[in-house]
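Each of the next two complexes has chain A plus one more chain, namely chain B in the first and chain C in the second.
This part shows the complex of A and B:
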């Protein structure tokens, strides 16, 4: 019997897919390596020619500029300026995310309202804001609202005598006392609130009544700091006009105010769309089931719809939070002293540009990574547990 | 009527309060805007500076370049839109179609009419008709590709660059023909966005393919690039490009500010686009690839003929969203690279001798806002329409 064609001879090496795959990858790697090598070589020759620093020694030089609103002085090192800028960025990010989430959720729910007026206004808000550049909103807030429309300090607006609004900034009532003790009290309040919520949920499950965890938790959260504050003998102060400035209360920089308002308004219009989409993504049956159980509209929203909607919305919300943090770098255009502005000033004062901006980028990268870790953690907590 | 009112406005007592409060706020806002536009606004600052706002100090003898590039662009966009199979308007009657066009593009036409009225120049009117003609011709060419089999046989990868290259070439020539001191205005934002979109698209698709590739090294390289770029603020990247680019490339080839901006916008948007396209690729069922393999197609052909077209089509709305945000972000180039873009011109004209200290910042910013808003809004409406047409999320 004739022999079958023998098993194919060993594939020649230039047609072996495994070899080709690795050759291709090595070629790509070589190209990337060459580009990096070329850039690095250019960098070396260019810094040699212009003899600028390449390391981070500039961080120890005196900063020779001041940051309004704290005790940072001209002789402090650049390092301290970067730390202050980092703290300011974090502050903007936290305050901005807090208010943008609340406003965005409200507008998102309002867009689905049965009330024609509410629905139309919410839709107009989203459509107008979403299609404008953030820098335009920021410029508007800074040049048109704060610097032009807000009155001078002599005839500042004082709504209800609680606030002082002028083109030198906004002053709001604030606690008086040490920030450390306040944070400790707030922490204690949070711990108590968590315990109360757990207990109340367990009790409600046992008795079979609707839980009042939200109400009781909020009360616990509020009572501890307030009671502690009073027993420690601290007070709170109202701001008042004092010569060319304000005393008492907490003074917000005009640029801080403009930046926060612009970021919150812009981001909330995006968050509203996410919230709306997520609410629509909750199966209709869930709402109908809530109606069948005779839950009130607010109960239906709070207990049934929103928790499920936020599960869908969480990844997209996380992206918006990252955007807000990165967009806070625009504060530099209105001289708010956050990270980017600090980098820009020190580079203007003679710090080497490449290390300074690289450092800035790395800090933003670290903040972004940290935020995504946080969001991913929440996402896993919220995710539907599947069998 | 009464039932309608009760159902939509006064369902419960709480609803009634909301209606009254928000109705009052809404009417107040509308009234304030109308009063500002027609009574208190002093629009002569816009009228005097219209050319500065739109094209900066672009030399008059080169203005034909602006007209030619706009016309070529309009032709290209119309040809692409007219040639796509997803446009299924044929079933409608003529009045329905007219109504449809008015709703879709009425805002653009109204803005153009406003600009022509403000310019009060016959050349502007001629340019408008030129662009309109290009749109009609482009649409016919697009239609012809669908109806005439010879044209339809040309593969997309040749057809689209063929139609687009004159437009892109003219835009590039316009960008390079004059120096930065003469440049400025809205056209710079618009053209920077156009060039960056065209350049970042192939790069983004390649990056997405790299991230989904089975080659571990390529996956590592592209993933690192995408994640690094997505973690960085655009504004800081632009600042870095402004002061530090000459350190990384030979100073002799360091481009001017406009092309630095274009480079950063391209590299930045490509990373975001890559993630969008990757999402599209992930949404393609595995069976599609397997069917391709069963037909004996190579991996390249499977990607080019089967998965990529579907993936790109599925994420058209997300892509348009990314391009809108690029269009809006071109204002950052003005702040970071000292380009006289429309926002910078807008704030600068309030400091002119004739208008200094008269509080005209509202008028200037309102005009700039109108330009961006109409552009972004029309684009986002078109993308919503496409989303419905494509049935994304329905199937």
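This part shows the complex of A and C:
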């Protein structure tokens, strides 16, 4: 009996791994809690002592400033200014992401080109832009390109009399009518495009011929708003120089232009590297199989390589999109009225700093989390279903 | 298994010890913050506890919130020293409180950060071209003191633009620096006159300058004193710019201190007032010594902290501000009177005394009696 290995004695509680793990976690939690409690207490006493306003009442005060390119006036509440700043940030983000993705993909593909000139130019672009600070790039775009290259409003360029280009903005022909109706028509166009693409894909699969979904979808997207607009009897207006600015058409703020160009150029250099890496991550056999099927180079890229590459690229791309959105706050330095600029101006005009900037932080956080959610959703949809 | 248990228990013990320390630390520091808080809140009720004044005297320097790029008010010279009207008022405060005009720690602040710096206690006093407004008094935890300069917002245009009044600037693009009430004032004036200005707000004066030179802005709006300073430093020469006659806001610029410390506020206030009183008495940094030794004017003797003959010998007036009795002498001797400071920094820019003259000359500069 004594030769048999004795049954393991009951582990004493101070050596029980499960208990110790719990104790350890509780201890860590307690430390974190105490630190937060201490910071919060300090904050409260200091705020109380210096009688600083901490609630959000200021959102109902009149804003007292104006926002260029907008009918927002100074008697509107601060709340409305924040909403306009939010919309302007979203506008920069959407336009920036759209063009950065396209440019980045093109440069990424070009970096893998067999043509030495194309390859070298793409490599130089990526290496130079990627290693510059964005703020510098933005300041350069504003000072050297918008302010110096574009003419003064007195000698504005008017190509074909359709555009007015000066350092006070870029004015383009635009529909005349309500923005609400226009967005409804665009929405209808999108719906139609989705239906057309689905039908065309199904037809192509059945018939066994390459689908022309992209072409037909784009047409559907464009035709509905244009036809709708014409049949509704609306017209379009051309921009013209009017005094110290322009009238008619749609005017893009010069700082908007500088900001978009800087963000697109900068982000595309990062996206290009992601695209290049993702293309290289697609197994060689896929490309060879496409060659064996006698697909053209463009078909091979479009149908075989890129869809698989984007599956790899999606998480990294999402990161770049988040960066672009957050980087858009640099527009505040060159007077683009996005969220940060609104926060800074409203604080300068009497809103309390701590709540105003806290609100701004939370809005950026919400935008970023929403973007992450969207990217994750897309990622799951694209991911290979493995069994 | 045994090893793992040992490791985990060691970790746990370590964490417990650490958490014990951290908890001690935090309770200690909460204790100290509460005592701090007590001591400063008592100043509001009982004046014998001097908080900021004591702190400044103990530190031996005044931390003065200022800036480094506004000609005339505060710029850096070749040796890195702050030079200007505001910088000199920082020195006035140091001369009064510490008897040494050079005992100043100049803290350069962005416009948008200036009140935060005051609130979090990283500066003792803010002398940075700051307009006294009701909201700032009420919501920014700032107490504004004797204005050092009565300013107003104006408009600067290119001389060859053909504008001679802001009423002609229909639909103009007006550029301003961000972080202050300038956009609000410009927007208000634009809507009052129905001019439809587009107001663009930049981070830096340098960026406005570039935009202005390139013709992106028709007008540059700011306080007239700032515009005068900027015009004097304009790359194409001061004559290329014109400041239009209209002034469309009241901008009393003065020092500000944190709310809740009346004593420190009074000290800073009297340091500023001493420069005005000295000018009224005709005392300058050049003649202060001879006046002090030769005058028989009781008012001047009191002001300079000299012996004043009384029925039973002589006495020095100590108004009980907590300042050295000769603070006014030190201020005038080391920095100068108001008129001297103005002449040194603002007259070269082409600014007139105007409303900033002494009350005896029809201006607004008036010091309560020192007795």
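One rule holds in what follows: the second predicted complex is superposed on the first by the 371 of 387 C-alpha atoms of A that agree within 3 Å, B and C clash if a C-alpha of one lies under 4 Å from a C-alpha of the other, contacts with A are read in each partner's own complex, and residues count from 1 in each chain.
In the analysis below, a residue touches a chain if its C-beta (ideal position, glycine included) is under 8 Å from a C-beta of that chain, and two chains touch if they have at least 3 such contacts.
What you see is a predicted model, and the numbers here were worked out from it, not measured in a lab.
Applying the stated contact rule after C-alpha superposition, one finds that A:340 touches chain B and leaves chain C untouched. In the superposed model, A:153 lies in contact with chain C only, and not with chain B. By the document's definition of touching, of the two partners only chain B reaches A:360; chain C does not. Look at A:120: by the touch rule set out above, it reaches chain B but stays clear of chain C.
When the two complexes are overlaid on their common chain A, residue A:183 makes contact with neither chain B nor chain C.
Legend: residue contacts after superposition of the two complexes on their common chain; A:132 is shown touching chain B, with no touch to chain C. Once chain A of one complex is fitted onto chain A of the other, the partner contacts of A:332 extend to both chain B and chain C. Of the two partner chains, chain C is the only one that A:167 touches; chain B does not reach it. Within the superposed three-chain model, A:376 lies out of touch with both chain B and chain C [touch as defined at top]. Chain A residues in contact with chain B (one complex) as well as with chain C (other complex) are 21, 24, 28, 42, 46, 143, 148, 332-333, 344, 347, 353. By the touch criterion stated above, chain A contacts chain B in their complex at residues 21, 24-26, 28-29, 32, 39, 42-43, 46-47, 114-118, 120-121, 127-128, 130-136, 139-140, 143-144, 148, 326-327, 329-330, 332-333, 340, 343-344, 347, 353-354, 357-358, 360-361, 364-365, 368-369. Against chain A, the residues of chain B that register as touching in their complex are 7-9, 11, 15, 18-19, 22-23, 25-26, 215-218, 221, 228, 230-237, 239-240, 243-244, 246-251, 324, 328-329, 331-332, 334-335, 343, 347, 359, 361-362, 365, 368-369, 372-373, 376-377, 380.
Those residues of chain A whose C-beta lies close enough to touch chain C in the complex are 11, 14-15, 17, 20-21, 23-24, 27-28, 30-31, 34-35, 37-38, 41-42, 45-46, 49-53, 64-66, 68-69, 73-74, 142-143, 146-148, 152-154, 167-168, 242-245, 254-255, 332-335, 341, 344-345, 347-350, 352-353. Against chain A, in their complex, chain C makes its touches with residues 4-5, 8-9, 11-12, 15-16, 18-19, 22-23, 26, 29-30, 33-34, 37, 40-41, 111-112, 115-116, 119-120, 133, 135-136, 139-141, 170-173, 175, 178-184, 187-188, 190-191, 197-204, 207, 210-211, 214-216, 218, 258-260.
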